[in-house]
Amino acid sequence: MTALAAYTTSTGEAFQFWVLGTVAVIGALCTILMKKAVHSALCLAGTMIILAVFYLANGAYFLGIVQIVVYTGAIMMLFLFVVMLVGVTAADSLKETIKGQRWLAAACGLGFAILLFAGIGNASLKDFNGLAKANEGGNVEGLASLIFTKYVFAFEITGALLITATVGAMVLTHRERTERAKTQRERAEERVREGKHLPPLPAPGVYARHNAVDIAGLLPDGTPSELTVNKTLRERGQIRDVSSEALDDLRALEQRSTDRLERPDLRRTDTGRNGDGDRAEETEEASK
Amino acid sequence: MNPVNYLYLAALLFAIGATGVLIRRNAIVVFMCIELMLNACNLAFVAFSRLHGNLDGQIIAFFTMVVAAAEVVVGLAIIVSLFRSRHSASVDDASLMKL
Amino acid sequence: MNTENLIALLVAAPLLGAAVLLCGGRRLDRVGHWLGTLLAAVSFVIGLVLFTDMLGKGTEERSLHQHLFSWIPVEGFQADVAFQLDQLSMTFVLLISGVGTLIHLYSIGYMEHDERRRRFFGYLNLFLAAMLLLVLADNYLLLYVGWEGVGLASYLLIGFWQHKPSAATAAKKAFLVNRVGDMGLSIAIMLMFTTFGTFAFKPVLEATAETSEGKLTAIGLMLLLAACGKSAQVPLQSWLGDAMEGPTPVSALIHAATMVTAGVYLIVRSGAIFNGAPDAQLAVTVVGAVTLLFGAIVGCAKDDIKKALAGSTMSQIGYMILAAGLGPIGYVFAIMHLVTHGFFKAGLFLGAGSVMHGMNDEVDMRKYGGLRKYMPVTFVTFGLGYLAIIGFPGLSGFFSKDKIIEAAFAKGGTEGWILGSVALLGAAITAYYMTRVMLLTFFGEKRWEPDAQGNAPHPHESPKSMTIPMILLAVGSVFAGGFFSIGDRFMHWLEPVTHHDHGDSPLSAATVTGATMVVLVIGVSLAWAQYGRRPVPSVAPRGSLVTRAARRDLLQDDFNHVVLVRGGEHLTRSLVYVDHTLVDGVVNGTAASVGGLSGRLRKLQNGYARSYAVSMFGGAAVLIVATLLMRAV
Amino acid sequence: MSFPLLTATAALPAVGAIATAAVPAARRTAAKWLALFFSLATLVLAVVVLVRFDPDGDRYQLTESRAWISDFGVRYELGVDGIGVALIALTALLIPFIILAGWHDADPLETKSSRWRPTQGFFALILAVEAMVIISFEATDVFLFYIFFEAMLIPMYFLIGGFGDRAHAGSDEKASAQRSYAAVKFLLYNLVGGLIMLAAVIGLYVVAGNFSLQEIAEARANGSLDMATNTERLLFLGFFFAFAVKAPLWPLHTWLPNAMGEATAPVAVLITAVVDKVGTFAMLRFCLQLFPEASKWATPVILVLALISIIYGALLAVGQRDIKRLVAYASISHFGFIILGIFAMTSQGQSGATLYMVNHGLSTAALMLVAGFLISRRGSRLIADYGGVQKVAPVLAGTFLVGGLATLSLPGLAPFVSEFLVLVGAFARYPAVGIIATLGIVLAALYTLVLYQRTMTGPVKPEVSAMPDLRVRELVVVAPLIALLIGLGVYPKPLSELVNPAVKHTMSDVQKKDPKPEVEAAK
């Protein structure tokens, strides 16, 4: 690229900008509109990658890479971890609680955008010098020379900042154990004293078709037992109730036996088969 | 195309991020929006460095990233401990300032 | 030796007494009364010394002057504590300290059984000091000090028996009414200050010549107001009757002999001002004439012996004021009557006190009767006083009062005739009511009966300490008049102060005297006809409308009560309400509205971080806009 | 430079306040004695000031001047003229009496915890007020004055709200409610005044460029600093409003009765006899000196307000049922006289007003403190609850009467001199005003004597029959006050000679001449 007075980019870059830019904006919008935190995080990651590309396009090769590695690679992953910790499905209802907050926010955002646009428009930024000269010795070298000469102090300070942040994070997340941990014996005695469920909890339901920890085992009367499912799943409400299937299978069994003993009863089989099929699809759904 | 469009894009993203901060109640999402705003700024810086033809803008962007990283670490830690204490990641639940 | 320096002692002696007695505490209770009397006597002796010294001098240099210290030195405003002792002051000094001493003496016996006797003498001394200050001051402001001082003393003494609500009320009333008069005096002083730039007697009285009559009239009227207050002249007379709540010696000293005559002193002292202001003089004479009749009528109707005498005092002072209003013709007679009146009225009051002393403090004359055999001395002295006041030929009253009546006629013109005849009428009524008092008290058969506790009064003569002053005063009231008027001694004595001139009387002195005699006889015989011949009912008959009005001081009090007291109460109560609701209400209202407003604003602070964020963000936006606009401009 | 006497005078009580506050809870009596000691030491210093001050010398003496906030030309400038000296002396004189009179007012009630240490606080606050009052009498820098003029409110607020009169009609809750109401009212009134004044102070700085009273006054005098008429008037009003609130002028007076009614008697004296004087003092020193033209412009209105204060206050005093409120309204009437004297713009009036400040301090102190002793004995503030006290406690009654007579300005007692001077001064320029004001003396007699009659005379009420007479401590408080009242009434010369030169200066500030007497004029 050569530095001209009135500077324009190559058509390729323009094309790339318009396409990716659109995607980036959409990603950003999704970030703020998605119901579930996970989805927001994913959209944001996408946007960031696109930004990385733009960095590269702007001749900030080092930053572009850092953007991908640090941001998208590390920070966003950190986000995902936290989301997991806090709960993937702890989706906050988008219903606004504070009166007029949403409209105010929207208005502010819009107004601010307009403002910035106006500002940028006012500032006549026609002539771009381009980075050709700056990047002669290679972008990374250029940055390095700057960082270690001109910005060395800032650099050192950021280092200190990072350390402090790390320590701070540890302090914040570390939970002080106040009392001695209970031994197994003590626990057992406690359970007995409180008359809790003494034997190990029943296993989750296991079937030929699918065995999964999220399926409640059935009690003799065919109703599912919550106990059999792991606590976390229970809290997230991710238990799949398959008791109906079991009953249908039972009916199907009787059906077959009647088939073998007597002449077939079309209607019932049909219904049975149809129901069977429906239920199959249903299960497909749930297993996703 | 004039690279100034990068600036417009940055502005747009920034505004979106800001709006998100204001609308969302889930602390994590709010945080993401903040990250978004930071990135928008970075983009602007990069564009500026291209405008001026020197690397200082990129340096600033670099530092921004570092700071953002530190900030995310601490911020997420805060969110986690908040969640522990309140079993919720909603910023509205932490409204002790209310009279 | 230099006699000026003694003047201060005149005031200092009783003042010292007051200080010692009032601050001394109980340990002085046993000697207190003697100490008080002694100091009063001391100032009387000093007075005599000064008097003889003065007689020794020529007429011109008789006026002494003593400058003590500069009192209030302020830019353009010089008030000094300085005394001036001329013939007029001298007369008063002797009267005050003389009668005062006698009454101190009398009180020793009269207050014997009162455990607060020491304080009583303290107050008496305080009064003497203030009164002497009043007559010795060489400027109006210092006179004002004495003026209020006597007011204070009379307040304390009237209310001496404070446990009696009536006494306390009377005292308060006296002080308040006097205060109204004092207002007049202080305004007069201000007027003098603005007119003459000073208020010392000498320069003021000399500067009257080149002053506008309007100013003089204003000053004169204000002085008259003051005089009305102090001397119980209409319309400010209402306090005198109630003042009789005080111990009798007080009534004798303050409310008969001395203090109430201060008004006369003021007017005579300010003669030059009045001479320059005929309208003011006319007002003075009118006030005097009206009071003269008013007091006399009231005196006729009262059954309370002291109140009757109070009415008489009022009317006698009316005479003096009338005389003083006549200008140079009358000043000297006003003073002369003042002195003689001092003697016989004090004597009468002491007599009344002695009677009450013997009658368990019974004051209703209808409960007396035939006391002449029980208390001869009192009877004789009282009788002499009586003859003197009605103007029995040869006694003091005869000379002084006749002179006033003559002078009234001598005023000339219709005024002269009216005033003169009013004075004559007054003389008649005086004769009537005094005879009534005399008869009811000492003649007829005894009318007293046991009171509720069943202990009947057994009248007895009073102790020596009481009778001696009465005798002395009686002597005075017999001979003073004659002594003064033979060869016009008194006139010449006061000449340099009052600049006497004989008006041209349309009637000869003899005619006036004759007329006086006639009305005197009429008055006496009327009284005799009414109270001498028939027995007197021991409860007052309902009486005619006039009588009943007169018993109520001609409804003056009722008027005051309805108009001033009630009105004032309503005014204050409504003002209190206004202050609480309106003035305060506005403020509280503002406070309340502000509170409400902030309560509403408070809702904005909902504590949600996000809404704060919105405001931050909006604020940032606004700032940017501002900067951009600044740039644009 | 020489020893900073004025600073010392103001600083000593401040030190005393800190020391007193630091006394541990148990050593209550020690705190009292400490406070008394410091107040007396301050009195000694004040006397030194009085002696060192030469009435015929410069206008401001014992001056001190140090840079303080140089960016805004704020300087730490002290200096006293005759008026200031007189008032400093008054303050320093009254505080020991106030402390003595309030000796037991702040003893903690048994119900409170031992860590509760009201006594120390009470006396420390009183000393703090003294320090601030003294320095505001000394300050010749407008900003400096303003700071302490406002800071005064803080300790006063706590004194009123924290240490109420224990003789209260209602229940404790009611009492504390009324007390805090009074305190808040006091604070708000004066804060509003102060804020408006702050605006004026800033305005003055904008106009004049510095805060130094002397420089500005000089510049005004020699014409090098001329304000636009409206500017001057606005600034004047800003200052005057604050002072009119402080020295309650009708209709800004309603805080005073509440404050004085709810506070303990000594604090009430502190309010009316010491703190309020700053207001009238400041009118003389700042309003007239800085804004002579505007002062003259505003005079008619102010005179009318003063007249209303005189009559209105007296009438309301007559209508009161509560002894302390009665005294409060009487004070309002007296402040009317003071302001009347100041704005009559005559030598007599202003000398009278200055003397009046001192004398009113003494007379109100005497009356109010004795009333306080009376109230503390019977435990009620209502006049109707008393009667016949004179018989059981003659000395108390006697002192009460003297205080009352001083209040009605009986000749021979100090207030008469000042009141008469004010009247003459007012009359000389505005006869009608003088005459109306004279009505005040009648009304004064009315409310004083009615009060005395209802409480002291008449048959002895059973509740008061066992009332003890004045104790030694109380006599020590009252006797000197009465002695001073009489002394200054008979021989006010020293005081008047102290203030006359200052008054002359003020008169020349406003460029007014006393009206000539008619006779001389004729010649």
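Per-chain numbering from 1; labels A, B, C and D assigned in written order.
Here is the rule we use: a contact is a pair of C-beta atoms (placed from the backbone, for glycine too) under 8 Å apart; a residue touches a chain by one contact, two chains touch by 3 or more.
For each chain, UniProt lists the protein as follows: B = NADH-quinone oxidoreductase subunit K.
From a predicted model like this one, the values you see are computed outputs, not experimental measurements.
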{"item": "Contact distance in steps, from chain A to chain D", "value": "2"}
{"item": "Pair with more cross-chain C-beta pairs in contact, given A-C and C-D", "value": "C-D"}
{"item": "Inter-chain centre distance, chain A versus chain C - centres from mean C-alpha coordinates, in Å", "value": "107"}
{"item": "Geometric centre distance via CA averages, chain D-chain C, whole Å", "value": "36"}
{"item": "Averaged-CA centre spacing for the pair chain C and chain B, given as whole angstrom", "value": "96"}
{"item": "Chain centre separation (chain B, chain D; CA means) in Å", "value": "63"}
{"item": "Touching two or more other chains - residue numbers and ranges from chain A", "value": "98, 101, 104-105, 108, 112"}
{"item": "Chain C residues counted as touching two or more neighbouring chains", "value": "606, 608, 610, 614, 617"}
{"item": "Touching two or more other chains - residues of chain B", "value": "18, 22-23, 25, 92"}
{"item": "Chain-chain contacts as defined at top", "value": "A-B, A-C, B-C, C-D"}
{"item": "In the complex with chain D, residue positions of chain C that touch it", "value": "22, 69-77, 81, 141, 144-145, 147-149, 152, 155, 159, 162-163, 165, 167-169, 171-172, 175-176, 179-180, 182-183, 186-187, 189-191, 193-198, 207, 210-212, 215, 568, 571-573, 575-576, 579, 583-584, 587, 591"}
{"item": "Of chain A, residues touching chain C in the complex", "value": "98, 101, 104-105, 108, 111-112, 115, 118-119, 122"}
{"item": "Complex contacts: residues of chain C adjacent to chain B", "value": "602, 605-610, 612-614, 617"}
{"item": "In the complex, chain C residues that touch chain A", "value": "606, 608, 610-611, 614, 617-618, 620-621, 624-625, 628, 631"}
{"item": "Residues of chain B that touch chain A when the two form their complex", "value": "1-9, 11-20, 22-26, 28-29, 31-33, 35-36, 39, 42-43, 46-47, 49-56, 58-59, 61-63, 65-74, 76-81, 83-84, 88-90, 92"}
